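Listed next: structures, encoded as structure tokens.
The two complexes that follow have chain A in common; it is paired with chain B in the first and with chain C in the second.
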Partner chain A sequence: MSVEAREKRQPWILLSPALMAVTLLLLVPLAFIVVYSFWLRSAVGPDIQGFHPDNWQRALTDPFYRYILLNTLKIAAITTFFCALVGYPAAYFITRSSGNKLILLLLLMLPFWISYIIRTMSWINILGSSGALNTLLISTGITSSPIQMLYNEATVILGLVHFLLPFMVLNIYVSLDGIDTNLEDAATSLGATRWQAFLQVTLPLSLPGLAAGGLLCFVLGAGTYITPLILGGPRDAMFANLVFEAIITQLNWPMGSALSLLLLLVLGALVAIYNRFLGMSQLTKGLG
Partner chain B sequence: MGWAAIRAYTILVYMFMFLPVVVVVLLSFNQNQFGSFPMTGVSLRWFEALWNNDAVMRAFRTSLVLGLLTALISTTLGVLASLALVRYAVPGKNLITTILIAPILVPEVVLAVALLLFLNWLGIGKSFALLLAGHVIFTLPFVILVVQARLVSIRRDVEEAALSLGASPIQTFFSITLPLLMPAVAAGALFAFTISFDDITGTLFWKPGGVETVPTQIFSMLRNSISPEINALGTVMIVITVGLPLLGAAIARQISIKRGM
Partner chain C sequence: MDNTKRYERLLERYRNGDLDRRSFLGLIGAAGVAYGVQTPFAKMAFAQDVTQVRFDGWGGVVSEAFRRHAFDPYTAETGINVVDGTFAGGDEYLAQVRSSQEGEYNIAHLSGVFDYARYVNFGLDVELNLDNIPNMELVMDALTNAFRGITPDHLSAVPYNYGTTGLAYNRAYISDEEIREKGASILIDPEYQGKIGGWSDWRTRLWYAALQTGQSPNDIQDMEAAWEAIRSHRDLALKYWGSGAELMSLLAEEEIYVTEGWSGRIAALQEQGHDIGYYDAPNSFGWQECLFVIKGSPVEACEELLNFMLAPETSIAVAEGQNYPPALDGTKVDLGDKIPTLPAYDPTGTLESLTFADPTYWNGNEAEWSETFARVQRGF
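Moving on, here comes the complex of A and B:
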């Protein structure tokens, strides 16, 4: 074989194990559940194969499913909003601080490495009836009996913000760090106040990072079912909880397929819109 | 809004991020029988209870084996693919990259359902093999992103020098490229291990009945009540998932200082 032909083949040999893994363990399974979602569950024996739109009909028209879907999008949106509100000033501070930026960033990213389930359940230690906050309130005499603070939508959002904030900060940081500080100085020297310079120069330039962080927070937030199980009440189920219920509890796999594909379609549409306007490169920048 | 206000706000954000972690670690050393506030003294009794808890120790072994195997397979696949993408002019590079990072673009719940149903249809039910396949596929993109970022900074001319001096491509890979690549390989492996060790979203779908990993064990313990043992387990998890990468970084730094790089 000529050297040139070998040069051409080599990358494909290197790529093939990874490409095969993704194809066999993700792409083909996704195609498979598309087919599976048109099967029907039978009370006895194996699922009935064929082309039955029943699951899809139910997934799209059942008012309960629609309510949970809208509620999930609402929770994800509120979470994203708070992540931006909390994360932007922190990212701005890290970028412009005179100290060691990398250490500051690393410190804020540290909880990112700490187990998701530990971080989620730790809120029970703080907000639970015998948690830190209630103990403090009782010992200072503000209340005489513990206040029920856990297991509602607010605590689900709190848990999600704590989980997702590092993604937001990292993306905004990457974006802010790439902005030439001379631009802001130029604006102020031309008569803008610092606040005006920020609003009209820095903020618009950092929007790609904000958008990338927002997309990550929204998509990751909307796909979670563990946080509502741990920090939410019985009425705070999110869409992924429905998927979990259908697959694990009810063993209705065709319905579970339809529901998970619906979630994929809704979140995929968001990613597609994002990609159309901003491109994927900003996202991988934040991850890399 | 002045700089001082931004600084104060940022300090609050750091406190918000660290408060829950600090509380978990504090409570794990609590002597109080119910493991709640107020703390009555310092004790290691909950770590001792953990050590004597068979279910927890089993979960630990499962997580450890699963994490190590995931890191091994994921890093091997990821390093090979990254080499191809960084070192060769591959046609359709963007499409290939998108396919390879697709597992993190798909919500993990959806990935979990698809993999479970497909492998079950092929005759591989809920099992350790399914868990391993799942963990490999969703850690792979992270490994590829991390390794690629490191690979770009390794200079090509060192390899070319070895080749021009008569080394075979395979000799060059093992004596030049791989040693230079080691930090990237280590970073990728650590990343894969940590993500696998921490995962619960997919794991709850894939694990066979009776098998628990550390996160699913914590999850099932939470169903009863929050016992101080969970906090002790949390502290151990924090030490493993934060301590290991820090230790790795420190070792890598020592090595590079010794080599004078």
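Moving on, here comes the complex of A and C:
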């Protein structure tokens, strides 16, 4: 074999374990889900095999699914907005801090060491009727009886922001860390105030990181089902909850498959739009 | 015909020219393989050995009681290990079983007769030999008959315990008199808006909706009225709970004052000192749990384990741990001091005071009602 041919094959040999893993763990199961989505659930007993577009027809035309999907996208968008609002100053502070950057980054990663469910449930102890906040309000005389703060859409968003904030901060941090601080100094030396220098130099240069963090927060937020389950009220649900219920509670795997693919397609389309305008490379920087 | 004779006949045909050399050697080889597979060598095949049985249940104190009173003595006697798994809900577990290989899951502590029917409908049942489970003699007939209604010619499970889903209420805010007066309708009483809870289970929601609209839970005639009652409850409720732990937390923390609840969990709250009342309104939701043997399991080994689990000392220890009365007939077995005090306990052994879900009725409507509930829950 010539050196040229060997060099041509080498990347494929090196990539083969990853490709095999992606094929076996992602593409093959996905193919199963696609097949399942065209089956039909029977009233009792095994599903009816075949090619039936009924589930897709319902998923695409039923106003119930459309309402929940739009509500999911709305909650994910609000969550992303708050993550950006809270995450940017935090990332800026970490980038500009001198000496203790590593400790701050470690503190940022610390919540990942605790189970996501436990972190979400911790809000019950903070916002519950006999939680820390109500206890404080009552003991200081601000209120005489507990204020109902839990189990609504606001607490679902709060829980999601809590869960997703580190992803946003890390992405913005990576972006900000790559900006030469001399640029801000140059802007101020040319007469710009600190605020103007930030608005016209730093912020535009950090936008790719903000966008990458936004995409991650949005996609992860739109796909969650635990947070509304723990912190939501009776009506609060996101699209992933419908997938969970279809598969686990109703044992309607075909419908659950169609719904999960629909969510995948919608989020995939958003990622494709992001890639078209900003490119995926920023995402991998953030994750690195 | 023995193997020697078979060989001699093949040899004769070969010598006579009726069989070519290749076919002769092929048949001899095949005979050798068959011999190796089915005779003493087969006993050495690992696939034939039962080295472990998997049991899946609700975990916690129940699991500990099973380990101490049933699994360890069983392993000591048979040499078969019991792998102890847990699940959070019956629906989730059925999804796991359906997506697994046969034999991966063996015995499960399932809820309700409708779960038994669902497993049977999916072809996941086996035929138990009750002669291998002598402790079945001690079990209440009323519980076993419910399963026989679904599989008249065999049983794939043994009853294990029973309980009710009744009304649980905080006595600091709701008196015993008020709960008796209002019954299930207290769950749609606007006076308690924001302090009402409920299980996010479509069956329980519909069962209580039937009670709230004055209908029989096993024969709901006016479905629209029932769905309307569910909508009213949804709008007044603070939260649908999804697990026993969440139910206990909501009541104990006074997030809610009233909900329907599982008798055993409420008894546990009372044991902890919380002033939580429990009331089974007329036609309150009765249910039983069983130990179901899943298709593909080593049936004989499972039968022996079931017998250990049904032994009075194990059944009573588990019942005391989880606060649900055992399936054992109180008229045949001395159940000790605690069990007769448990909510839902029936000293007659007939269970006539409880109303159980008709599995044919509920499973027949499961597809439609579970989906409709998902919509109603979200405001549709």
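Everything below uses one rule, namely that the second predicted complex is superposed on the first by the 269 of 288 C-alpha atoms of A that agree within 3 Å, B and C clash if a C-alpha of one lies under 4 Å from a C-alpha of the other, contacts with A are read in each partner's own complex, and residues count from 1 in each chain.
Methods note: a contact is a pair of C-beta atoms (placed from the backbone, for glycine too) under 8 Å apart; a residue touches a chain by one contact, two chains touch by 3 or more.
Everything numeric in this text was worked out from a predicted model, so none of it was measured.
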Side-by-side fit of chain B and chain C on chain A, or clash: clash
Touching partner for A:Phe93 - first (chain B), second (chain C), both, neither: first
Which superposed partner A:Thr224 touches (first chain B, second chain C, both, neither): first
Touching partner for A:Leu26 - first (chain B), second (chain C), both, neither: first
Partner chain in contact with A:Arg41 - chain B first, chain C second, else both or neither: second
First, second, both or neither for A:Ala272, with chain B first and chain C second: neither
Which superposed partner A:Ile248 touches (first chain B, second chain C, both, neither): both
Which partner reaches more residues of chain A (counting touched residues only), chain B or chain C: B
Touched partner set for A:Gly128, first chain B, second chain C, both or neither: both
Chain C clash site on chain B (candidates 93-101, 165-173, 219-227 or 237-245): 219-227
Chain A positions touched by chain B in one structure and by chain C in the second: 124, 128, 130, 229, 247-248, 253
Complex contacts: residues of chain A adjacent to chain B: 7, 10-12, 14-15, 17-19, 21-23, 25-30, 32-33, 36, 86-87, 89-90, 92-94, 107-108, 110-111, 113-119, 121-126, 128, 130-132, 135, 139, 162, 165-166, 195, 219-220, 222-226, 229-230, 240, 243-244, 247-248, 253, 256-257, 260-261, 263-264, 267, 271, 280, 284, 287-288
Parts of chain B lying in touch with chain A, wherever the complex brings them together: 1, 6-7, 9-10, 13-14, 16-21, 23-24, 27, 34, 36-38, 76-78, 80-81, 83-85, 87-88, 90, 96, 98-111, 113-119, 121, 133-134, 136-137, 140, 142, 144-146, 148-149, 194, 198, 200-201, 204-205, 215, 218-219, 222, 226, 230-231, 234, 237-238, 241-242, 245
Touching residues (chain side chain C, partner chain A) in the complex: 89, 91-92, 94-95, 98, 118, 121-123, 194, 198, 200, 202, 234, 237-240, 242, 249, 253-255, 363-364, 366-367, 370-371, 374-375, 377-380
Touch list for chain A against partner chain C, complex: 41, 43-46, 64, 67-68, 124, 128-130, 148, 150-151, 229, 233-235, 237, 242, 245-253
